[in-house]
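Shared chain: chain A. Partners: chain B in the first complex, chain C in the second.
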Partner chain A sequence: MEDAAFWVLAVLAVAAGAAVFVVDSMARATFALLASFLCVGAELLLIDLHYLGVLVVLMMIMEMLVMAVFMVMYMMNPAGLMPMTMMHNARGAAGISVALFAALAAGIFAVPWPERAGRPPRDPTFALGESIMGPKMLVMMVIGIAILATMIAAVVLATHRGRYGDDA
Partner chain B sequence: MTLETFLLLAAALFCVGLFGALSQQSVVMLMMGLELMINGVVVAAAGFWFWVSPGLPDGQVLVLVAITVMALEMAMGFAVVTALFRARDVDMTDDAGDLKG
Partner chain C sequence: MVEVVVIGALAVAAATLSGALAGRPAAPFQEAVRLLTLQRRATHRADRLLTTVGVVSLPVAAALAALVVPFGDRVAVGSSVGVVWFNAMEVVAWASVWLAGWGVNSAYALVGGYRFLAQGLAYELPHMFALITAALGAHSLDLRVIAAAQHGLWFAVWMPVAFAVYLLSTLAMTFWGPLGHPVGGDLAGGAMAELSGPDRLVLLAGRYGLLAVAAAVAVPLFLGGGAGPLLPGWLWSLVKACAVLALLVWTRGRVPVLRMDRAMAAAWTVLIPAVLLQMLVVGIVVV
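Now for the complex of A and B:
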């Protein structure tokens, strides 16, 4: 049952990911990307990562709704009214991607992965919370500072006066 | 469901994202490719946590970092695109070659 769910979600995630670059409207592309993220969130739920799975689902819904607004702003082909290609050097990019996928797949099946060490905790969320508030607190602090820096930098970049002030 | 199949899914997502990041003309679409690549990283980190060392929370912390990176990348990307568009009316990668060379 879980195997079937995994494969269905995996195929959906990759198909939705590919659809992002196939559909001819950037708004549709945003929702295709959202579908891909939702499938990945569900995959995390399958391996007991309940908190992280739900976090991915909730965060990506919000993120993609914000993204949809920007997509409409920068849309190259509004409502399919101006058909045009959004790609350059598609063949080269496809070649590189397929070659990389073949290399990664070969590596995945060739590498002798280590044995499983330990067992999943009864409550992975509790373990995660305890570690980011304990031994891994530095990670949490760096994330916090990074988010703060991003908020300030994004506002500075996006305001009308820009990076160099009014007279630039 | 094994580690291999999970990593295969991660590799597929990463490569689809790489194709987008390399081939798209619009800076915003390029960012969607980057998001898909980080999506692959999330899947791989979660798979490693579950099948290699589920006893330690390190893998989960890595997933948390990757999700944060995803959100920050989008915020900064849109800020840069907006600044670029304001300054030069440009939203295509081909026209934004200032750092080239």
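Now for the complex of A and C:
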């Protein structure tokens, strides 16, 4: 049952990823990519990495929607309503991706895979935090807050007087 | 699965209360029947697929969020990361509203969709910090553990700022009442401007669902879960959830819609520092 779910999600993730390059609308491409990421998040849930899986779902939804905002700000067709394509330099891209795929696939067979050492921790979330931060936890927390404060201050300064500027 | 049905019933009750506060308790049901029989309005070159995904995903997200909400000791899915799951399902609303506003290919709806994203960005950070503050106080992301950690003293009492920010940001995430600007009258209905018939009904139902589930989650987060004298735990949870939900619904008729740029300035400059200070206090006390 879990194996079946794994393969279904894997195929869906790849198919949605391919759809990004097939569809002709920026919004559809964005949400095809999101669908692909959600499948990956579900895969993580399947292998019992609950925190990471849910976090992927949470962050990817937010990230794709923030991308939608930037799409309007920076794209030549505001709102992304005009037909578009994700394909640029199709022949070169095809060459590069085939070569990359071949190299990665060769790696699967060429590299000696390590034997599994140890067993899964009782609390993967806790173990993950320990292995990323370990004894540097306090430093990481302080830096995290400092980065956040900088971001918020930058936003507050940049949007000094609303969307119409000082004159309005 | 009883828990999900209960949240659905709470959503219907919220709609009824909303009608009753406006003087017509039956109005939501009349509106529902009217919308069910109404023909869809088609807009020029609309993206039907994305609009449908947007409309349907809102109630689905509310139902999925309801899975981790404990009533007393009962819960549909006992997840060790319930808080994160609840928040992930809440941000599905970002996608829902933006897709519904974008997909119909209409200027007002589009602006409404982007308004919601801007509002969401401003309120998601304080909302997350409020959730994390409660989780920090209980050393757990499990809603049942957080509820159990409040025996004696409710988190609402000793983290009042986090509780207030949670309620306020909930209004923003469900574009309700004072923070209903994304679907505001000044935009001819904003993100919902072009939605008609069953589409509109499903999106509105999803919003009530999200409102109900957020009210129900406030109970294990800040109001001691199912703790209380005499009554069984699940009933206490239900009573408290009803009270929070009634408060949220009541704000719609009593508080004017806030102008977006002002509300967002306050969100960035006041709410985030306030809730960070609250988290600092909680962090110092518990560690």
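Convention: the second predicted complex is superposed on the first by the 114 of 168 C-alpha atoms of A that agree within 3 Å, B and C clash if a C-alpha of one lies under 4 Å from a C-alpha of the other, contacts with A are read in each partner's own complex, and residues count from 1 in each chain.
Please note the rule applied: a contact is a pair of C-beta atoms (placed from the backbone, for glycine too) under 8 Å apart; a residue touches a chain by one contact, two chains touch by 3 or more.
What you see is a predicted model, and the numbers here were worked out from it, not measured in a lab.
Trainee: Looking at the overlay, what does A:Val14 touch: chain B (first), chain C (second), both, or neither?
Mentor: In the superposed model, A:Val14 contacts chain B only, not chain C.
Trainee: Looking at the overlay, what does A:Leu65 touch: chain B (first), chain C (second), both, or neither?
Mentor: Touch partner of A:Leu65: chain C, not chain B.
Trainee: Where does A:Leu55 make contact in the superposed view: on chain B (first), on chain C (second), on both, or on neither?
Mentor: Both partners, chain B and chain C.
Trainee: Applying the document's definition of touch, where does A:Ser36 land relative to chain B and chain C: first, second, both, or neither?
Mentor: first
Trainee: Which partner does A:Ser25 reach: the first (chain B), the second (chain C), both, or neither?
Mentor: After superposition on chain A, A:Ser25 lies in contact with chain C alone.
Trainee: Counting only touches as set out at the top, which of chain B and chain C does A:Ile132 meet: first, second, both, neither?
Mentor: Only chain B is touched by A:Ile132; chain C is not.
Trainee: Just which bits of chain A does chain B share with chain C as contact spots?
Mentor: Correct list for chain A: 55, 66, 155, 162-163.
Trainee: For chain B, which residues are in contact with chain A within the complex?
Mentor: 1, 3-9, 11-20, 22-29, 32-33, 35-36, 39, 42-43, 46-47, 49-58, 60-61, 63-65, 67-68, 70-72, 74-76, 78-83, 85-87, 91, 93-94
Trainee: Hey, which residues of chain A end up touching chain C in the complex?
Mentor: It is residues 25, 27-28, 31, 34, 50-51, 54-55, 57-58, 61-62, 64-66, 68-69, 72, 79, 81, 125, 145, 152, 155-156, 159, 162-163 of chain A that touch chain C.
Trainee: Hey, which residues of chain A end up touching chain B in the complex?
Mentor: Going by the criterion above, the answer is residues 2-3, 6-7, 10, 13-14, 17-18, 20-21, 26, 29-30, 33, 36-37, 40, 43-44, 46-49, 52, 55-56, 59, 63, 66-67, 70-71, 74, 76, 85-90, 92-94, 96-98, 100-101, 104-105, 108-109, 113-114, 116-121, 124, 127-128, 130-132, 136, 139, 143, 146-147, 150-151, 153-155, 157-158, 160, 162-163.
Trainee: Within the complex, which stretch of chain C touches chain A?
Mentor: 47, 49-50, 53, 79-81, 84-85, 87-88, 91-92, 94-95, 98-99, 102-103, 105, 110, 114, 117-118, 120-121, 124-125, 141, 261, 265, 268-269, 272, 276
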